[in-house]
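Right after this note come the structures.
Next come two complexes, and both contain chain A; in the first it sits with chain B, in the second with chain C.
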Partner chain A sequence: MFNDLLAGFGDALQPEYLLLALLGVVIGTLTGVLPGIGPVGAISMLLGLSPAVGPTGSLILFAGVYYGSMYGGSTTSILLNIPGEANSVVTAIDGYEMTKRGRAGAALTVAALGSFIAGTISILALAFATPVLGDLALKFGPPEYFALSVAGLLLLCILLTGPLWKSLAMVFLGLMLGAVGLDSLSAEARFTFDTIELSQGIGLVPLAMGLFGVAEVLSVAQQVRHGRVRRPKAPRLRDLLLTREEARRSAGPIGRGSVLGFVMGLIPGPATLTSTFVSYVLEKRLSRRKEEFGKGAIEGVAGPESANNSAAAAAFVPLISLGIPFTPVMALVLSALLLNGITPGPQFIDQHGDLFWTVIASMFVGNLMLLVLNLPMVGLFTRVLALPVQVLMPMILVFVLVGAYAANNTMWDVTVMVCAGLLGFVLTKYGFHMAPLLLAVVLGPTLENSLRVSLSIANGGFGTFVTRPISGAILAICAAVLVARLVWLLSRRVRRTAGNGDTGSATPTTATEPDSSTRVLSERSNQP
Partner chain B sequence: MQHVTWRFHRPVVACLVTAMALATAACGDLGASNGTGQFPSRNIEIVVPYPAGGPTDTVARALADALNKGGKLNGHRAQVTNLSGAAGASAATYVTSARQDGHTLGVFPNSAFTIQSLLKDQPYSMDGFDFLADAARGGLVVVVPKQAPYDTFQQFGEAAKAAPGRLTIGNPGSANLSETEARLVLDASGLPARVVNFEGTAPAMTAMLGGNVSAVITALGSVTAQIESGELKGILFIGEAPEGSVLADIPTLAESGVPMASALPESPNLVVVRKDVPEAAKTTLRDLITAAASSAEYKDVINGMGMKIPLTSPEENLAMLQAELNWYTTSGNHLCGGGKNAETPLCLAWTRRPGA
Partner chain C sequence: MGRFEAAGRLKINGEVPVVLALFVFGVVYVVAARHYRAMPLTDPGPGLLPIVFGIGLAASCLLGLLRLRRPDLATRPQAQVDDISEDAEVALGWSGALRPLAIIVVLLAFPYVAPHAGYLATSWLVFVLSAQILRRGHILATLLTATGVVAASYLVFVQWLNLPLPTGLVGF
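After this line comes the complex of A and B, so read on.
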């Protein structure tokens, strides 16, 4: 195997493949940084090149774009609280808080390092364990997808700060938004009001850009109007590096994120996105500094950013070992292979070994290129913060408008984005989290389809969810966590009423948060 | 600080320019036609009603590639645009409202003009199009995993009868040919197996390989490689397999003793153009498509997916669609399986169709 890999490096280091890998990672980084166009859009546009660059070249190019966009997506999340693409929504939570505290450079550096390490680990797994892992993916059937979707939504709600009902309300709103359009199992129109636009459903890209991007621009505009804008300053050069403490705290999350992302990437569905949520929740659970999450904990950037890169590499496993694309990006890769007269299937590594090993080797090369490209860019990107908001915010608005239009070439997406922006602005002002809303929109169709397909397979029996070991175990954990949370809330309330009457203002959430005055202080102390 | 501010303004502007460039690239070539020169006088746009990456998209892209390599486009290019959404209605209205100079084509499956227009009022109709060519046509196949205890459809039938309601046939989604044919086959052979709808071929195949459904019925392109490698066993072929391929060994309906005339045609990939395009342009287009579809590379891609290249005439294509429409209107109640499938979405849609 090592000989195969070495031969692969021999091929991958040819100038034309090196050039394609470079082109891929640069385009990928750009699509990641720019809001709107994600990896699916970019690869769709490049698919026309596929017959010209051949099967190996296409795979190298598309793989570069795919993980390049995972790298790039974190940049705007961290600096501006505007995710460059949906996979970086979670990164914005703590990444932007780090920026506010003057640690933008550290956040960007750890995102790049985490992506690199996760990328390397997952490419190794892809190279040496693909045939074994393909079978693992098959252990998960529709009941397991259902259980996982329930677990994802529930755990996120429970672990977010703020009242549980607000998070649950956002989940239900998200599930409703996700149900708009043609139902994918029976093509029945739902909530479409007989319009063609709504029958296509509400696009994830314009929705995410509205809820996070436009809403952020609006909220800054409001602060400017009230004369109390407090934008983070661009950090000085020596603040760009990780401190020893930060590096130590990041190591665990990066390792766990890499493994978690890879395992989740093997399961069909939007794994690059969901793995970031799960990683965040996991790190918060494991951390001894839970209270720092949401206030700029470096673990909240390191874990998710590693997880999404790892999940991106894992998505190749089912395509290569089974010939089945689990994600839209992999469907495009399959199409590129078909156009070159190659039909991937279980015999792919045997029949096209040289192609496989060249692509694997080139992934290592591309991953290294990304690190080398991205680390020096950290200093450059953080200078964006030096722009006055009156210049920066209108520019961002133009970016997201162009991006929303460019993804599908329709004005409808722009309308959706603006509406989502207004909604996000108002809801955020009233203390609702946007993360569960977005996750519900993403997982809603998986949740619904897997429920319906499971019931259809079991001929209507709900027992299938608890009698199957994996889904039963996941659902049992969910129930246990929910019960524990409710008992905890109730016991608190009982204790509080039993204590004295005048602490009614102390809600469960503010009790776990540090006092807002210390937060302002820590922000100030970091400013030069 | 001010000079620092403006110095670093530039990368952002560069990014903006790139975004604009990408956006313009996505919009395709908007160059004006000179109106007097030979056909084509600008780039040819081939619209696909699905996102990039599916079988129809692959056919369209292979065709575009063959057209470009043919070198008869007067220096212009053929390029594919994916306009998914509204179950094909967006792409269809795009083609019928394009300029009348014949530079906007579409590649559509038959269902867009037959069952979908029967089930729901559509903003387009069959009359608005000319069906220039059938670029690729494939049958349907019922597959089972290699370790499954049945090698033929008869054995599958026996297993189904031995355990009524236990065996399941997955299909890639409702209101498509796969579900219709699955119900028709089970109906005709009187098998007590159930049909399970999935949201695409990939989830259905994954569920079958994981042992969650017994078999899957789907279009050929997506499973040909797995059948060739022996990972999947084809137990029933609906249609006509391309000669000489491993698919030709799969038993057909008649060979499996299913008493059902294959009334529905195989799935064509129809190249369409709006009807009122000048005849001269249509003739040139047909010649260009015929030449492209005869190229070795195009044949490799299409045959590799297990499909044939019929290149029927526009009249034959129209007649085929008419025959399918007639079949639905006269025998559509088959979709309800004589009342047995009355609750299925397909049957409900059928009974509620406009003008029913």
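After this line comes the complex of A and C, so read on.
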């Protein structure tokens, strides 16, 4: 393994891959800094370039974007109280309070250091865990793959904010769109209207670009405002140094966040988001200075920032070893691999060991680049916030048009992207999340094929899904989480009804108004 | 409070047709899926899961429609753009609803224009038009920025990545 990793470093340090890693982390950081776009939007815009840069280049580029967005998101959270993406919402709570107390530099440093240490630990764990899980996955049959697909979709729906019925509707819509084209088991054309274009199915690249890229531009176009942009004051280099006390208080949360994030990243659902909340709650419980949380506790920055970076790396484990993406970003990474003719799964490391180790090595390099780039250049990155919308949005449009066309060299994909953009714009406007839709399009074929094959093997009996230990356990966990969510909803409604009864004057509108942090999370959780 | 409630009503009024459209799409999808073989369960056909998916969408939307009838359970309207500017003004000229529509028209024209006019000219046009839709004025700055961005994209996509973008009648 050590020799493989060394060989991986040999490849990753080639100028072409170094340039792609640098490009990825810079784009990712900018994505994280700018509210709205998110890693899913950025990767979907770059997806069309995947065949041109090859499988290794694509993975290096996309991993850089993913990590970079985690780093970048914390910058605006800390300096401006504007989380660039959903995973930085928790960081804003104590990070911005530290800024108000004149410790912005320390908050940025601990976020960057925590992200770097957690990223490094989780990449090491990824290198060890992937082959182990790959061996275990060899025992998986169609029922296990069906259970994993259901778990991926259901847990994402349950853990996202907003009404459950909306997330479920998006999952079913995604599954329906994913069913268009030739059925892979019977080769029968479905919903194609006798057109060649639809017989290939609805392309994931134009769909993702439309749902996230074009829809975001349309949303900004509707709400565009002009005026001076509030630009943060970047801290001086000497302000970035931590005091001994701050360093001591950060060490534990960074370690715990790294482990917690990695474990949560292996579980289906929006782990990069949920791990930050769990880490924050954990640190608050363990801290001897509970009263400082919410008022600028450095543990409230160190823990969540470490957890989300660790979870980001862990998300690669199920994708590479099982071939099943648990998050929309991983769904896009999967489609990049498929575009290059590579199918991840239990045999991935045996068949494409050089690719795997090169990517692992480049993750180390990318992580180091982020640390070196982000702290001294934090002021430069925050200047992007001042870029006017009439420059930024047309740039995005030009890139998505090229990307949608370049994937298959067909204008049909451009039309699909524009239609998907309109669909995404309308649905997002009314509170529907696009993440479950995209994940369902990707997981749909796996879910359908594994269900049909399982039923054929079991002579039409559904018992096979619950009697097999692994699939039974996965489905039992899903059921337990679903029941827990329903119980929580019911108890909340009972409390609300009781509260209304007590006060007598509370209006329905105020009773359902979420607190500010929940609202921010809800608005941004389209990019988990 | 009044304004907030008014915004809430506006949201609910717009939301119902969207959910209704999704419900109808689910039902139509189920009807279309019935043309494919679904049964027996011992050898499920290509129609089985699409029927389940369509029913799932229709059922979710039906549940949503029932909930939307109760204002206390309806979702809040999404907040406007982030507070990036304390002295911001809502742009005048293009109304909020027209701007996205105009951008959609520009984008839909791309597949028809690009094969004839080429990637460079068409993407330059897309940039200029969408920039003007987003904010009128500063035409010279827009033209220069569009030229710079399109030239940079040409260097990256065509020269570096060798992407075969449409050249059109003019040859680039």
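Everything that follows uses one rule, which is that the second predicted complex is superposed on the first by the 268 of 528 C-alpha atoms of A that agree within 3 Å, B and C clash if a C-alpha of one lies under 4 Å from a C-alpha of the other, contacts with A are read in each partner's own complex, and residues count from 1 in each chain.
Methods note: a contact is a pair of C-beta atoms (placed from the backbone, for glycine too) under 8 Å apart; a residue touches a chain by one contact, two chains touch by 3 or more.
Values in this document were obtained by computation on a predicted structure and should not be read as measured data.
Asks: Applying the touch criterion given at the start, work out whether A:Ala331 contacts chain B, chain C, both or neither, answering first, second, both or neither.
Replies: First partner only, chain B.
Asks: Touch test for A:Met45: chain B only (first), chain C only (second), both, or neither?
Replies: first
Asks: Is A:Gly460 in contact with chain B, with chain C, with both, or with neither (first, second, both, neither)?
Replies: second
Asks: Which partner chains sit in contact with A:Ala406 here, chain B, chain C, both or neither? Use first/second/both/neither.
Replies: both
Asks: Considering only the touch criterion stated at the top, classify A:Leu204 as touching first (chain B), second (chain C), both, or neither.
Replies: Neither chain B nor chain C is touched by A:Leu204.
Asks: Examine A:Val378 and indicate which partner it touches, taking first as chain B and second as chain C; both and neither are also allowed.
Replies: A:Val378 contacts neither chain B nor chain C.
Asks: Should A:Ala179 be classified as contacting the first partner (chain B), the second (chain C), both, or neither?
Replies: In the superposition, A:Ala179 touches chain C alone.
Asks: Check whether A:Pro388 is in contact with chain B, with chain C, with both or with neither, and answer first, second, both or neither.
Replies: Once the two structures are laid over each other on A, A:Pro388 reaches both partners.
Asks: One more residue to check, A:Val33. First (chain B), second (chain C), both or neither?
Replies: Once the two structures are laid over each other on A, A:Val33 reaches chain B alone.
Asks: Between chain B and chain C, which residues of chain A are contacted by each of them?
Replies: 185-186, 188, 388, 391, 395, 398-399, 402, 405-406, 409, 456, 459
Asks: If we count contacts the way the header does, which residues on chain A are in touch with chain B in the complex?
Replies: My answer: residues 30, 33-34, 36-37, 40-45, 47-48, 50-51, 137-142, 182, 184-189, 196, 199-200, 268, 318, 322-326, 328, 331-332, 334-335, 338-339, 341, 343-347, 380, 383-384, 386-388, 391, 395, 398-399, 402-403, 405-406, 409, 445, 449, 453, 456-457, 459.
Asks: Quick one: which bits of chain B touch chain A in the complex? Just the residue numbers, please.
Replies: Touch list, chain B to chain A: 1, 4-5, 8-9, 11-12, 15-16, 18-20, 22-23, 25-27, 51-54, 57-58, 61-62, 64-65, 79-80, 82, 84-87, 89-90, 93, 119-120, 123, 165, 168, 173-175, 194, 196-200, 202-203, 205-207, 209-213, 221, 224-226, 228-229, 231, 297, 300-301, 304-305, 345-346, 349.
Asks: Report the residues of chain C in contact with chain A in the complex, numbered from low to high.
Replies: Within the complex, chain C contacts chain A at residues 1, 4-5, 8, 11, 14-15, 18-19, 22, 25-26, 29, 32-33, 36, 40-50, 53-54, 56-57, 60-61, 63-64, 67, 71-73, 75-76, 78-91, 96-97, 99-100, 103-104, 107-108, 110-111, 114-115, 119, 123, 126-128, 130-135, 138, 142, 145-146, 149-150, 153, 157, 161-166.
Asks: Going by the contact rule set out above, which residues of chain A touch chain C in the complex?
Replies: Against chain C, chain A makes touches at 35, 49, 52-53, 82, 162-163, 165-166, 168-169, 171-173, 175-176, 179, 183, 185-186, 188, 190-191, 214, 217-230, 385, 388-391, 393-395, 397-399, 401-402, 405-406, 409, 411-412, 414-415, 418, 421-422, 425-431, 447-448, 451-452, 455-456, 459-460, 507-509, 511-514, 519, 523.
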